[in-house]
Structures are given as C-alpha cells and as structure tokens.
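Two complexes come next, and they have one chain in common, chain A, joined by chain B in the first and chain C in the second.
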Partner chain A sequence: MAILRKDLLIEWRGRSRLVALFCYALTFLLLFSFAVGPDASALQKHAAAYLWLAVLCVSTLLLVQSFQVETEQGALEALLLLPVTPTALFYGKALANTVFISALGFFALPTALVLFDMTPVGPTWMLALVVVLGAGSFAAPGTLYSALTARLAAQQLMLPVLLFPLVVPAVLAAVKATSLLLEGDPMGQLPIWLAVQVCFDLIYWSLCGLLFSRVVEA
Partner chain B sequence: MSSDVAQDRMVLPIGLLIVGFGLLLVAHYQGLFVVPAEAAMGDVYRILYVHVPCAWVALVLYLLAFFAAIGSLWTGRSRWDARVEASVEVGLLLNALVLIQGSIWAKPTWGVWWTWDPRLTTTAVMLVSFMGVLVLRSMIHTPARRAVVTAIATIVAFVDVPIVYMSVKWWNSLHQMQSTPETVDSVMHLPLRMGAFGVLFLSLGMIGLRRRVAEQGLVHEKDAPDLPSPQSPLELDGYQGGEE
Partner chain C sequence: MIERLKGLQYAPDALDRTGMAELIVQAQGLSRRFGRRWALAGVDLELVQGESFLVVGANGSGKTTLLRLVGTALSASRGQLRLFGLDPSRDLFRIRAELAMLSHQSGLYDDLSAAENLSVVARLAGVEDETELWLERVGLELRPDPVRAYSAGMRKRLSFARLLAQRPSLVLLDEPYGQLDPEGFDLVDGLIRDLAQGGATVLVASHLVGRAALHCDRALLLHEGQPRWLGPATHIVQAWQTLHGGVNS
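This part shows the complex of A and B:
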C-alpha cells in the first residue's frame, strides 16, 4: 500500500503530466473521427474500439514512466533495501497503474460518448467495471514490461512492441463488453466477455507477480 | 581433445537433420504423388502435408522454449539460455512458414491471401510476440541480465500459445478444427505423421546446432575484454550506442 500511495503521490504532484496524457487521449479520439469522416453511424459502430485503442496507446506512455523514476539515481535499489518484497513492490506499482489507466478510461469514455453522440444502453456501473478490468489487464503486464525494459535506451519503443501483442485478447474482450453495453446485448453475451476479462486479469496478475522478483534481481 | 568433444556434440543434431530431411522427402512423395486428391479442394489441399506439421511443431518448439525459459530462471545456467534462444528462433521460422503456407492455401480456397480469422490473427500475434522477445534480447548486452529478461519475456509471450491452439474452438472460425487422426481421412495419416516427425527432427537438429552457436557466442563474450567504466548512470543506460 505504501508503494501505491507513493506512486499516486508522485503523479499527483506532477499532475500536469496526467493532464497532458488526458489531452493526448482526447486528441486520439478526435483523430479517429477525422480519419473515419463525418459518418456518425460508422463512428458509433466502432466507438468501443476507438475508445480502447486510445486508452491502450496513451497508457503505454504512463507505463513507460512507471519505472523510469525508480531507475534514476538508484531509487530502485533503495526501495529494495526497504522491508518490502519485490512482489509487494510489483502489486503496489501495478495497482497504481490500474488507478491511472482507469482514470484515463473514465475520462475517455464520456468524451467518446459525447463525440460519437451515444447513450449507453447498459448500466453505468457495468461500464465502470469493464473499464477497471480492462485497465487491470494492461497494468499488470505493462508494469512487468516497464521494469524489464527500464534500462533500455529504446524503452519507449520496446514496451508497446512487447505489450500490444500480449494484451490483444484483453483488448478484444474489453471492446466487445463495452460495445455490448453501449449498443445493447440482445444475445446475452456480456457475461461471457466479462468472464474473459476476469480470466485474463487473473492470468496476467498472477504470472507477472510471480516473475517480477526475478526482473528486479537481474 | 576439446575439438573431438565439440565434433561429438555435433553428431546428434546433424543426425537429426538427416533423419528429418529423409522423413520429409518420403512424406512429400506420399503427399504429392501417392495420396489421392481431396474431393472438394483438389490438389490445392496437398500443402496441408507441410502446413499442418509446421504448425504442430511451431507450437511444440514454443513449448520447449517455455520449459527452457523456466530452466534458465531456475538454474541460471547459460546452456538453458542458449536453448531458449535457439527454440524461439526456430519456432519463429516455422511460425512464419505456417503463415506463408496458409496464405498460399487461402488464396485459391477462400479467395483472399489473408482474412481476419481468429486462428490466423492469433498466429500472427504469436509471431509478433516472440519476435519482440528476440528484439528485446538483442538490445541487452549483459549475459546474466539478458538471460533473465529473455526467459521472462518468453514465459509471458507463451500465454498466446494455448490461445492459438484453442482459437478454432473458442471462436467461430473459417479455419478448420485442429487436425488430428479423427478429423482427417485415414489415407492422410501416414504422410501427415511422417511430415510431422520430419519437421520435428529437422527443427530439433537446427535447435541443436543453433544452441551450440549461442553457447560459443557466450564463451566469446566472457573472454572479451571489459568495456571502459561508464562516466554516469545515463551512459550506462545506453545513451551511448543505443543499447543497454
């Protein structure tokens, strides 16, 4: 929890960076509108996909930063000297990243609804749940890969190269679940896609938590 | 003496290559000239005798890479790291071949080189995942750290492998179900099995040879003189030369 609090505090103190990321997400959504053109039905049909692509792309910038602050001036070594296990360090950082990516999602979702002129059919709390589950599925592997690539000059390139293929199933589930909540679910498919999201969250969080200690030791 | 040992260690991989090549020749002869054409697809289907074995063995090699990665993390020995590198490389080669062969088959059968079918998409994602592992590996020049990073990235990338295998069951796919003796005619069993063992032995032979190249590279790295000490942490992090 101390790690989570530390990361939240650091981001809060440098909140202009968060604002910049939110602006970037907004720009992303606008770019999709420009790329598709003024066809409202096409935009509405793919709104969930645009939303999650924007969240995924912007969240990589968040994740890249996640371990940069720790690699500067040996901060990571100092953290490891504290009475915290590397696993606790991972879960603290991954939770902090989940909070940031969820915040990004909570900003991008209503923005997309306004831009694409949509009214969700499903309940709002379900949409919030999909956003948090989706954020969690990016945050756990993103945190691991951020640590893995933290000392590389090409980190900003390598993180998406490694992360994007891995989270394809999670993106697919998040897009499907969001789309069903926005446009309606006549076939009752939502529980399946929520279950897929939960499954991938469990896989990513357990596997990455298990491997993280070896990353910081190396 | 050491060159004799090195030569002895080359015997098995070269033997596997010869046996694998021989099996593939026989399988191709059977598949191209002995087994009759398929009722609906005609002769186009014959690519199956190389496509399906490549797909099977690519998944097996990624499984080998996964176990070698666990071995590398567990023991910390460089020989396991060399096995990971060799298995991923040869697995990637087969993965790419599977996609190319699939496209060649898809054009006359489905009418397109590529379609966003779950099996095709997940196989392409698997290729990109493991390519990422090798690219990441190439950027790290400290052998111990490189071994750990490669092993972890391989284990995480392996998450996609069961998804590829199960994709035809989980989603409505254009691609047919997993090819097993139950899903194909009995006349196809012999060339398919021989092809599978041929590709497997050929791949194991290539892994054996590639592993030795990797081990020699590690020995050369150990013998190489140390680089001058970096002036600052920034330089250590690769701002001189674009590497770790």
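This part shows the complex of A and C:
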C-alpha cells in the first residue's frame, strides 16, 4: 500500500503529465472519427474497438512513465535496497497503473459516446466494471514489461512491441464486452466475456507477480 | 588477506579482531565480471561492527562495484559474501533491512518534496517518521517545494537524510563528498564518525583519500579491479603515492 500511495502522490504532483495523456486519448478518438468520415453507423459499429485502441495506445505511454520516475535518479535501486519485496513493489505499482488506466478509460468512454453520438444500452456500472477489468489486464503485464525495458534506450518503442501481442486476447474481451453493453446483448453473451476478462486478469496478475522479482533483480 | 603487494610495502592489519564485535561483512575472493572484463577480482574483506573502512582507487578501479556487491545491488560472479553472518542469496530481505547505500544517483523522487521523500522511506523501512530531525541533521530546512528545485549539493544532503531515515547497521557511502561545499565536507566527516560511534559499520569509497582517511580505521587500495594494499587508514596516502606517484588531498 505504501508503494501505491507513493505512486498516486507522484502522479498527483506531476498531474500535468496525466492531463497531457488524457488530451492524447481525446486526439486519438477524434482521429478515428475523422478517418472513418461522416458515416455515423460505421463509427457506432466499431466504437468499442476505437475506444480500447485509444486506451491501449495511451496506456503504453503511461506505463513507460511509471518506471521512468523510478529510473531517473536511481530510485528503483534505492527502493529495492529497502526492506521491500519485489512482489510488493510489483503489486503496488500495478495497482497504481490500474487506477491511472481506469481513469483514462473513464475519461475516454463518455468522450467516445459523445463523439460517436451513442447512448449505452447496458447499465453504467457494468461499463465501469469492464473498464476496470480491461485496465487491470493492461496494467499487470504493462508494469512487468515496463520494468523489463526500463533500462533500454528505446523503451518507448520496445514496450508496445512486447506488450501488444500479449494483451490481444484481453483487448478482444474488453471490446466485445463494451460492444455488447453499448449496442445490446440479445444472445446473453456478456457474462461469458466478463468471465474471460476476469480469467485474463487472474492469469496476468499472478504470473507477472511471480516473474517481476527476476526482472528487477537481474 | 592482502599483503606482499608489488611495489608497495606491506602494511599490517591495524585491527586485532579477536574478541571484538560481530563480523558484519565477510568477503572471500569477491569478484565481478561485466562481459569479458573483471571489474573486481579476488577481494578478501572482513569488517566488524562499528568499524569505518575506506576504499580508494583511481576511476574504474572497482570501488563502486565493491560497494554495490556489498550493498546487494549486484551479485558476485565469483567468491563468497556473507553479511551479518547471512547469505545474501537466501536472506536478502533481512540483510536489506539492515543496510543503506549512498550511491552516485540520489535515489530521490523529483516531483516530491524532501519531507515526502523521507516519509516514503520511513513508511517502507517501517520506522517512525522523524523528517524534521533528519533534515536538521543534514543542514536542510523543511520546504514545500519539490526536490526538482534543489541544487546538486542539497540533493546530496537529502540523500544523506534518506540514509539516516533507514537507521542502518551497515552504511555504504560511494563518493560521499561529491557535489558538497566545504561545510558539507564537515557534515560528511561528522556523519561517518557518528555512525561508526553509534555502532554502524561504515564502508566509504572516496577520491578525497587524505580527508576520508582521517575518519576511517582501515583502508583498501584498489587498482584496475585488483586489491593492492590493505592496512591502517593513516597509511593510505603513502600507499596511494607509492602506487600512483601523485599526491591526493
């Protein structure tokens, strides 16, 4: 919890970075609507995909940033020399990243609804749950890979190259669940996609937690 | 131990450790390789509780590598290391609870204030937050501005405060005098003395050989990763001059 508090405090102090990332997400969504053109039905049909692509792409910058803060002045090494287990460090940082990515999702979702002129069919709390589960599935492997690439000169390039293939199933589940909540779920598929999201979160959070100590102590 | 060194007169070990306090650092043949190059090779070292020990050598001689090995920030390529009688590969967490390291980088968060940085350390180290006391000890005031606004010397002082916050039994200081003003030099001298008198074992790596030697019990001279001389700190300047032919302050 101390790591989580620390990361939340650092982001609050440097909140101009978060504002810039939110603006980047807005730009992404605007670009999608410009690229598709005035065909509202086409935009609405793929709204969930555009939303999650925007969240995923902007998240990578956020994840890069989360370890840049640690490596800038050698804070990560100093942190590891405290009686803090790498596992505690991972879960603290991954939780903080989940909070930030969720916040990004909560900003991007209503923005997309306004831009694409949509009203969700499903309940709002279910949409919020899908956003949090999706954020969690990016945050856990993202935190691991961010630590792995933190010492590389090309971290901003390497992180998406490593992360995107890994989170494809999680993106698919998030897009499907969001799409069903936005457009309706006549076949009752939503519980299945929510279960898939939960499964991916469980796998990512447990595996990445186990691997993290090997990454940071290497 | 290290003796019979080429070109250097053997200086006998100043400390008779029989009956003394517990061994804090025990290193045998400690070596570290980066790629094909041995940054440090075959260092034998025994440090007891309350001892202050100086490591000197030219740039690239292996001082930082030795400190990082003892600080468990690096693992040895060869040799054995025991800290507090424990094996770092098995009891890393227990060992790290007892040691603190001042390295070339400050280890601080630029966006946080000095007090916030120290509070983070206190919380993670599980000690009571005494921010004002720690800042006063290093000659800093409680200020709300972020560390980003601090000068290099102030950052260094804050790094010392961070180190004090950990209440360590083993203190590793890599170039502690770097970036400090003359008043800061006195601060470092006092800290080395006080920490050792308080029972902590202090391992110092510094280029200010003459100055640091005044506050240390023994010294080790490294040259190109090899240990070249080990003896009383009062003789280190002589050993340095024998090896390098120059004079160091």
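In this text, the second predicted complex is superposed on the first by the 218 of 218 C-alpha atoms of A that agree within 3 Å, B and C clash if a C-alpha of one lies under 4 Å from a C-alpha of the other, contacts with A are read in each partner's own complex, and residues count from 1 in each chain.
In this text, a residue touches a chain if its C-beta (ideal position, glycine included) is under 8 Å from a C-beta of that chain, and two chains touch if they have at least 3 such contacts.
A quick note: this is a predicted structure, and the numbers were derived from the prediction, not measured.
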item: Which of chain B and chain C A:Val99 touches, first, second, both or neither; value: neither
item: Touched partner set for A:Leu148, first chain B, second chain C, both or neither; value: first
item: First, second, both or neither for A:Leu162, with chain B first and chain C second; value: first
item: Which of chain B and chain C A:Val215 touches, first, second, both or neither; value: first
item: First, second, both or neither for A:Leu9, with chain B first and chain C second; value: second
item: Partner chain in contact with A:Val69 - chain B first, chain C second, else both or neither; value: second
item: Where chain A meets both chain C and chain B, residue numbers; value: 72-74
item: Sites on chain A touched by chain B in the complex; value: 71-74, 141, 144-145, 148-149, 151-154, 158, 161-162, 164-166, 168-169, 203-204, 207-208, 211, 214-215, 217-218
item: Chain C residues within the chain A interface of the complex; value: 71-73, 93, 96-97, 99-101, 103-112, 116, 120-121, 123-126, 146, 162, 166
item: Chain B - residues contacting chain A, complex; value: 73, 121-122, 125-126, 128-129, 132-133, 135-136, 139-140, 144-145, 148-149, 151-153, 155-157, 159-160, 163, 233, 236-239, 242-244
item: Chain A residues touching chain C - in the complex, by the definition given at the top; value: 2-3, 5-6, 9-10, 13-14, 69, 72-75, 77-85
